[in-house]
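Shared chain: chain A. Partners: chain B in the first complex, chain C in the second.
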Partner chain A sequence: MIETRKSTNFFRLGLRRLLFLVCLGLGGVLASATLVRFAPGYGAEERELDPRWRADSVEALRQKQGLHRGLPSFYFHYLSALAHGDLGESDSLKRPVGELLRRRLPVTGNSVIRGLGVAWLAAAGLASLGLVTRGWWFEASTTAFNSLLLSLPSAVVAMLAVHLRTPVFCAIAVVVFPRLYGYIRNLLVRSYHQPHVLAARARGLGSSAILLRHVLPLAAPPLLALFGVSFAISFGAAIPIEALCDSPGLGQLAWQAALSRDLPLIVNVTLVVSLVMLAANSLADLAGRAFAGSTQ
Partner chain B sequence: MIRRVWFVLALNLAFCWPALVSAQAPGQSGGELHFCLRAEPKTFNPLLVEEDASETIRYLTGGVLIRLNRQTQALEPGLAVSWKVSEEGRKISFRLRSGLHFSDGTPFTSEDVAYTMKALMDPQLHSPTGDSFRSGDGQVVVQTPSSDSVVVTFPAPVAGLERLFDQVAVLSAHSPKKETAVLGPFYVADYSPGSYILLRRNANYWKKDKEGKSLPYLDSVRLDFQRNRDIELLRFRRGEIHLINTLDADYFDRLQKETPAAVHDAGPGLDSEFLWFNQVSSAPLPENKKTWFRTTEFRKAISMAINRADLSRIVFGGHAHPAFGPVSPANHFWFNSSLPIPQYDSAGALRLLAQAGFRLQGGTLRDSSGNRVEFTVITNSGNKSREQMVAMIQQDLSQIGIKANLVTLDFPSLIERITRTYDYEACLLGLVNTDLDPNSQMNVWLSSAENHQWNPKQSKPATAWEAELDRLMQAQSSATTEKKRKSDFDKVQQIVADQQPFIYLVNKDAMSAISPVIRGSSPSVLDPHAFWNADVLRLGPDPALGAQK
Partner chain C sequence: MNPLQKLAASALCAIFVLMVLATFLLPTPYARQFRDIPNADPSTAHPLGTDALGRDSLSRLLYGTRVSLLLAPAAALLSTMIAALLGSIAGLLGGWFERIVLAATDLSLALPWLFLLLVVRATLPLDVPPFVSVVIAFLMMGLLGWQAPIRVICAAARGVRDSDYLLLARSSGCRPARLLLGHVAPNLRPLFYVQFFISIPLFILTEANLSILGLGVMEPMPSWGNLVRGFEDFSTLAASPWRLVPLILLVIVVMCFQLVLPSQEVTQ
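Presenting the complex of A and B:
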């Protein structure tokens, strides 16, 4: 009976999260559409300065740009088209937005997942090593290295990646790693000082066994939540990194869309990015709760 | 449990390893020319081309009836063996090469030319290429008396008619591949959005070299999309790309120090940098400023007070030349060599200003009502040379007591101000000129035109000299002889020099970087500077760059 109630509650929570996610995504779309629409230079294009265009062609061009002028009407048409799976056409690239996103999302997804993998591997490995060795020199050097990486803006990391010819996922890993390392390290240290862990140590259990049998299970729920956050961080970092490295992912697309005030493209990129980030956070949260529940 | 953790760690490592390994430097294969486009092409339809990237694709893939030789500036036969313009520029007859095929094997006939011209002249198409041919209302008639002859008749005379065909890539009327079936040296083989375009050699290309060998020599051309010019330069230095079509002066100097053989300065190009004052009557500016900007003496004084030689020397490192008027000396036929060379003369500028009622008081210039002469120049952000030019102009103008301020705006904001709100005082911009013929500048000089930037869309000419500009531009457009056209356009250039609606500052040199591995290059002042003869380019041995097959 209690199990059934628990699963029903869990289902309701999932449903609430999904509803929240959709509302927030659409809210983000509205906010980005408003910002783009009222940005200076909206609807003005460089080609208007091309003297080869005749007056009637310039007028036709402006009328086409004028289609998105009324924000409520744009939003209404956008939502009704979205309901039919139509994301519209990019004003600047003259291609269907759906096709652009389909081609770019896997590139960013690939970089983000690889970058996350490297960052998690390095951060978890280094934090575990610190816990096992517990030497002051190791602590000091990793803290200094971590602080150095934390102080590097994503743009600098991206430029370094260009100069060193490293792929985008390495730059993402460098941005995400210091944010993960500090948190994972603190989490493991806190778990390591729990009474039952101290008791295990007193009984002479080896460091690796303590880490794997007692510390990690205790730290797992917050680590899962951290995974969601790290996904959001890496996705956020991918945008400027891809734009600077000219990697054909969502970041480059978002940058192009912003520069050319491409309303249909920018609202859809915003929708996709916000949905992916919110979904990752929600899934990690739900997984953490489920894990905590099962442990109890 | 320990095993499981190690398994997860090993899995993670295995997952990331291929990507780590793939982070090596990309290799190069021979026979493939490699360079960057600074934006992604918006279209592969040659009739709809309106920006540089699509223009490059059209140039490399499109077959045209008549080709403008970028070196000699003369017209040469392309798909047409010969042509004849008649009826005062209303009619053009072509005799076509026979036995040619599109890249997909579809035969080329006069029907394809007729199909292309009809599609191009469709009023709903709205393309700059089509607009260049529109000289009057009415239908364009295309006749195909035989499979190798075409006659195109326009409703009104078109000035410089045959030259316009350099921009018209012929489409196939019958190919199922539509616009991807081409007659140029290369065809689009692969396109990765956001990343690159791969062009492969068109085996059906009609042109042969002197030995009778089929052109082009290159197997393929890979065009990467690269917006960042610093990265483009970095890649050139690493040997990852073979050429940079347009090089800025500071990049030119940096590269010259390292590899002098790789950089080429072809001399003054067609592009010009200029400044103008807002003379729009409805502009939201104080009346006294509007009065200054409409005063010819004021504009001429500003022009005299700017040291163009210093701009060329300091901002462009000597890779620019003082500009006299709307036509660069690089445009051999249309340049008016009798125009007065503007001399830097701040004392003369003050004398002119005094004639117009301005006076210098304690180092500050004031108008007849006592208002301090101060204005703001807008230009596009991110363009270092323009920002430096404004900084130098500020210094020059401070010598005659004028305070000039600089505001940089991103391009859309700047365009909004100069075309819609007119909320600006002065603007410094550059004109990228691709066409030699003055007819392409009709929308700049006609007072009713959109691009008559200092005072666009006038219902009737605001000044007598603008009325004269209108008359002369219309006259040159309908003149039947080149001599008459030249004479009319020379007068246009003289009026512009006298009235200074645009204060021309410099003509930038056409600079490019070409790797020593490329054989047969011959940079020109006309665009595309570095690869205008792409069909005869080939990659030679250069162990340093490793670009040999």
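Presenting the complex of A and C:
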């Protein structure tokens, strides 16, 4: 009976999250449409400045672009185009935004996932090793190294990656690692000092057994939440890294769009990245709750 | 404070004094070109040499230090003020207003900050005078950087809301504005200071990233980001290691802030 109620509650929570994501997506789309519509130079074409064009031809061009349409009509057309997968056209690259996103998203996704994998392995491995060895030298050296990495701008890490010819995912891992390591280490240390862990140590359990059986289950829900946050960190780091390493991903696309003031492109890239981030965060949160429920 | 923290605080004080005295220490104006000696090695006239355009590197470093160390605290002040105002009101009022503020904060925290900065920067003109580019960078970071402090401030204000002295103030007819300014804000002041100082290194790094990408402080005005941008070819740095000084200074300042301040667990 209790199990059924638990799973119903979990299902409801999942549905609520999904509804929230849909509402947020709709709000984001409307905000994006507003930004695009009111951006300076919206709908202006070079052809309008050509003195060979007569006034009535320019007017006909504007009518064709729908510049005289009211805002509700603009929103309606924007949403209906979006429903058909049409995200508009990039002003600077003169290509459909949807096509650009389809080409670039896998490149960034691949770099981010591999970079996150390396960063998580390194951070979790080093934090666990520190917990098991508990030596001051290890502690001091890792803290100093972590502090140094935290003090480097991601663009400098990207320059170093270009110089050393390392892959993009390695640079992402270097940027994400220190943020993860500090948090994971604090979390594990806090869990290690819980009374039940002390009792297990007093009973003579080995360090690895304590870590696997008592510390990790306690730290798992916040670690899963951190997994969602780490996606946002790595996507943020992808901008300077892809821009400077000349990797054809979403980060480079966003940078090029910002430099050429291509609002339809940058707004849609940000919208897609934001929805991916929110979905990842919601999934991580749900997984954390499910794990906490199962351990209780 | 432990000895290491004292050392970090002293280093920060020394760098801030250097920044204040930069006007008197500048050997030459930062934009003046010595066209006959581009990429010069260090000499008595130019202690850190000159850059590719023949400008004195020491002058540019001193002035760039001033720009970065004024820009980041100014942006941190603006973002902390926004967070203090919204967080205190949300914590004090509670209810739907607090829920909306916290939901907006959670939403902003989940998004990659640099993408938001790029969207805002793309809506503004790029071909602007250097001083305007500094103001744009300051406003962008200040207006978009309030998310992290607001949660902490809101939680602290919620704690103050249920206190006896606030109940007494309410029962004696204190208005909400006076409650906020006379009772809540003074009690949260230490928290505001901490959040302000925590934001500074984050904004120093953000300014550096934006300037390296060509979207922050514009040339010829120097900033740490602009100066580091010149390192695009690391292979030349082996022959002229003194060009690394701006990066070393940036790293030292951010590390000193990290040592002096309470640890920030996850920063974007």
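List of remarks:
Definition applied: the second predicted complex is superposed on the first by the 240 of 296 C-alpha atoms of A that agree within 3 Å, B and C clash if a C-alpha of one lies under 4 Å from a C-alpha of the other, contacts with A are read in each partner's own complex, and residues count from 1 in each chain.
Quick note on the criterion: a contact is a pair of C-beta atoms (placed from the backbone, for glycine too) under 8 Å apart; a residue touches a chain by one contact, two chains touch by 3 or more.
These figures come from a predicted structure and were not determined experimentally.
Of the two partner chains placed around the shared chain by superposition, chain B is the only one that A:L61 touches, whereas chain C remains out of contact. By the touch criterion defined above, A:H163 lies against chain B and chain C together after alignment on the C-alpha atoms of chain A. In the superposition on chain A, A:T142 contacts neither chain B nor chain C.
Of the two partner chains, chain B and chain C are each touched by A:L259.
Legend: residue contacts after superposition of the two complexes on their common chain; A:I239 is shown touching chain C, with no touch to chain B. Of the two partner chains, neither chain B nor chain C is touched by A:S207.
When the two complexes are superposed on chain A, the residues of chain A that touch both chain B and chain C are 39-40, 162-163, 244, 259, 261. Taken together, the chain A residues at the contact with chain C in this complex read 24, 35, 39-40, 147-148, 150-156, 159-160, 162-163, 179, 182-183, 186, 226, 228-229, 232-233, 235-236, 239-240, 243-244, 254-255, 257-259, 261-263, 266-267, 269-270, 273-274, 277-278, 281. The touching residues of chain A, counted against chain B in their complex, run 39-58, 60-61, 92-95, 100, 103-104, 107, 114, 117-118, 120-121, 125, 162-163, 165-167, 169-170, 208-209, 212-213, 216, 244, 246-249, 252-253, 256, 259-261.
Residue ranges on chain C touching chain A, taken from their complex, read 107, 109-116, 118-119, 121-123, 125-126, 201, 205, 208-209, 212-215, 225, 228, 231-232, 234-235, 247, 250-251, 254-255, 258-259, 263, 265-268. Of all the residues in chain B, the ones that touch chain A in their complex are 1-2, 5, 9, 12-13, 15-16, 19-20, 22-25, 40, 42-43, 50-51, 123, 126-129, 131-132, 134, 192-195, 225-228, 231, 234, 409-416, 419-420, 429, 435, 440-444, 448-451.
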